[in-house]
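The same subunit A turns up in both complexes below, where it pairs with subunit B and then with subunit C.
Up next is the complex of A and B:
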């Protein structure tokens, strides 16, 4: 439970830091709304011409987009800024101060910088989901809701593990901040359900870079279309992936020799 | 003027050397330009059951590959460089040099184009292979493509420069550019071909400068315009270029009076 206390203290400190800049909060919040609109436009235009695309109707596709907007907000609002800071620490040699602290270093760095205005994305995503289910005509069943929540947690865990893996590379090759940007831009693919892709791409986005796991599966769960076996396999895969990422983090931190020495 | 002609090639050489020095970062940045491909995925899926308002699957492939090509070839990043140098005070060094800072930056941004070609050439090859029949058959529109690309690059650069000068007065110039990008993504045809928009949106988009930054060169490659129309559009594009050039000069001069050289 000590770990939880560390996380809570860490969260409080980073939110307090971010809230000092109130003007930035307003500007960035407005921008988040603008970009959410930009994300919606192509989908609306596509479904102006078609009833369904790759087996998905408009409201179903909205559900996927809702998950995507929420996850993008989480990724770019918490994980990326924090881990970019780690890369900065590695470059300057100040990571030593983090490692000296009497708590797990991974916990300490994971939430060290937060952009709270990205929570507007999560709120917007909630609205998108509500609108989508209004179009569908009936709310999701309670069991489906639970399953979707579970899969959302595992989606965040996968994102987090990928970010930790990228940072582990920072210990070996210092200049990797744009590797994180590259991942952020690849993540844009997750706005479509995986059945949009065919052939090799479909396999890559399901197993190699598990984007299907992040938005398609939670959406299917919410729509009551995901069978339980896939869900269990997805969660088990996530846990395995997270364990591997943690292992690589530990190995690379052990090999870390600091920039200043 | 003659001094400039002597100095500018040297600036270009320096800029090119810099781009080569940071080649790994540079390539990663270019690879993260993948939005046209993301959009191609959904439209190709939509066109599986037949063409969508005149676009077949190959039609979409041609459109979005051409879009990717134009975006790769006309990149600029001067707004971020300006905001950083203004905030850190290193702009003072640039002001001391005997060449207008905007010209120095333009050389940096232009000199990266050969490096951009390294990524752009494979894209062009794929475009030729996948969607040859969708491309323009008229040599005249390929001839116009060069001034159109230069105009598109200039527009993109000048917009960034104008917004960058706001950093001389305010703090969030980069956010302002982010907002511009949001509108530009929609209205320049980057995410959705302009002719797929409803008539009302399209009639607004055709008069705004955004389309000249991207969809105009793309449409030239796809042979959408007759020779006369293409020439008219080129003139309109360059009229916008001149307008923005004037605006950039005014914005720079009046912004510089507010500049207090932090830390300098």
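Up next is the complex of A and C:
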């Protein structure tokens, strides 16, 4: 209950900060729309010459892309900015103030900065999904919708855990902005279903960097093609991953010795 | 309230010689060195005390404050604050302390201070009634009224510091760690901050441990001082005792109705300053009375005052003694 109040206050301050800059709001919003358009281009090019890729038809591929755009919006609208903020705290030594608060430090840094205009991505993703299902010809079943929603939560939790891991590394290495950019580039792969990749890449994108979990599984769920065992394994894997990330965070906080001054 | 027993804090830092070659070598083979930031420091502070923590840069003041506030693990020794082990960072502990750092700020840069207050109210779980009362009190003591609505980045340094203090004290902490709270402030703002710290201490019986480079702060606020140099505590006691111990001499400030010869002044003690209408002469404690009598009878005085040497000089001497020893 108290944690919720802290999150609410944090969100309030983050939104108030974002609203201070009207011009940025307009420009960033327009940019978000532009990028969404660009995201569609490779798909249209590929399906201009063939009917399906690795068993995925155009509308099915649109579903994957819809999830990708939504997650990208969530990642770049909430997790990435907050993460950069923490790295800034570490560099300037102001993380001390976070650690001095009688509340969970992870809770305090997780939503410290957000960019609400990235919600345009989420709205755009909804439109892409609607268009995709119009092509398919029938809406997803209710149970499949529920499962997809559950897997979306699990995908966000995985992204969040990766972010927490990156921040934990920041306590030791201080300069990790590049790691964040690397992650954003790798995340771009999630616009394709994991079965498009073969051999080593397929293994890496399923188990090492769980990109399959982020877009492929929720899409399969929505399309009614995901077997329950995979779904359960995915959720269990996510919880395990989140627990490990949390553990590493706690150890790193303990090791953290603030920049001397 | 605060107990420190044989505290030691060593940092491991990576050392290398200057130059690209050494930088390259250090990639493969790192040489580490222990920096002894705090060595065997013990003290105890009772509830409600105001204690000044003095020492040159790098003496270990900030490190000690960080250990006391739970930001750093002690390498050795026992530390207890308000009955807690600080390094465990228990919520009950964190809710009772505050750390103000003059060089760092916690105000949300883009937002008015009132937003930071609201955020901290949620974090410290302060009941609405207590929050309103504390806010009213802080606003009055620090004259915050006109500042609360302006974005923090548009406030002057002094205004920002007042808001920093208010944010740090919103939860009515019982222990205040103040690290250079007046750094960079002008004289009148320094006085405001000092007055406020004293008022808070008296009103809530809070314990205050303060570091400052401005001796005025310490002289005005702290009946007790601790002096640390190179990680070791070299003095703990009253401020006036410290001055007497380090610089047992006094200064006579003489105002003259007409210029006098330098040798007339030298007959009293050692001359520190000699101008037409003013002179400062330093004399030992024992020789003070005869020197005053002699000055009154032999010089064309309009005024005579006796002072301790400036605290800055006392400290300089103290650290010089420490180095020589």
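By our rule, the second predicted complex is superposed on the first by the 260 of 261 C-alpha atoms of A that agree within 3 Å, B and C clash if a C-alpha of one lies under 4 Å from a C-alpha of the other, contacts with A are read in each partner's own complex, and residues count from 1 in each chain.
The definition used in the following text is that a contact is a pair of C-beta atoms (placed from the backbone, for glycine too) under 8 Å apart; a residue touches a chain by one contact, two chains touch by 3 or more.
Here the structure is a predicted model, which is why all the values come from computation and not from measurement.
S.K.: Is A:6 touching the first partner subunit B, the second partner subunit C, both, or neither of them?
M.R.: Once the two structures are laid over each other on A, A:6 reaches subunit C alone.
S.K.: Is A:178 touching the first partner subunit B, the second partner subunit C, both, or neither of them?
M.R.: first
S.K.: Scan A:97 for contacts with subunit B and subunit C and give back first, second, both or neither.
M.R.: second
S.K.: First (subunit B), second (subunit C), both or neither: which does A:138 touch?
M.R.: A:138: touches no partner chain.
S.K.: Taking the superposition as given, does A:16 touch the first partner, subunit B, the second, subunit C, both, or neither?
M.R.: After superposition on chain A, A:16 lies in contact with subunit C alone.
S.K.: Applying the touch criterion given at the start, work out whether A:197 contacts subunit B, subunit C, both or neither, answering first, second, both or neither.
M.R.: A:197 contacts subunit B only, not subunit C.
S.K.: Just to be sure I read the superposition right, which of the two partners does A:35 touch: subunit B = first, subunit C = second, or both, or neither?
M.R.: Touch status of A:35: first partner only.
S.K.: Need the overlap of the two footprints on subunit A, from subunit B and from subunit C, as residue ranges.
M.R.: The overlap between the subunit B and subunit C interfaces on subunit A is empty, containing no residue.
S.K.: Can you check the complex and tell me which residues of subunit B touch subunit A?
M.R.: 24-25, 28-29, 31-35, 38-39, 41-43, 45-46, 48-49, 52-53, 171-172, 175, 178-179, 182, 185-186, 191-192, 196-198
S.K.: Which residues of subunit A touch subunit B in the complex?
M.R.: The touching residues are 23-24, 27-28, 30-31, 34-35, 37-38, 41-43, 45-46, 48-50, 53-54, 175, 178-179, 181-182, 184-186, 188-189, 191-192, 195-197, 201.
S.K.: Quick check: in the complex, which residue numbers of subunit C touch subunit A?
M.R.: 11, 37, 62-63, 66, 69-73, 89, 91-95, 97-99, 101, 103-106, 108, 110-111, 115-116, 118-125, 151
S.K.: Of all residues in subunit A, which touch subunit C in the complex?
M.R.: It is residues 2, 5-6, 8-10, 12-13, 16-17, 20-21, 92-94, 96-97, 99-103, 108, 254, 257-258, 260-261 of subunit A that touch subunit C.
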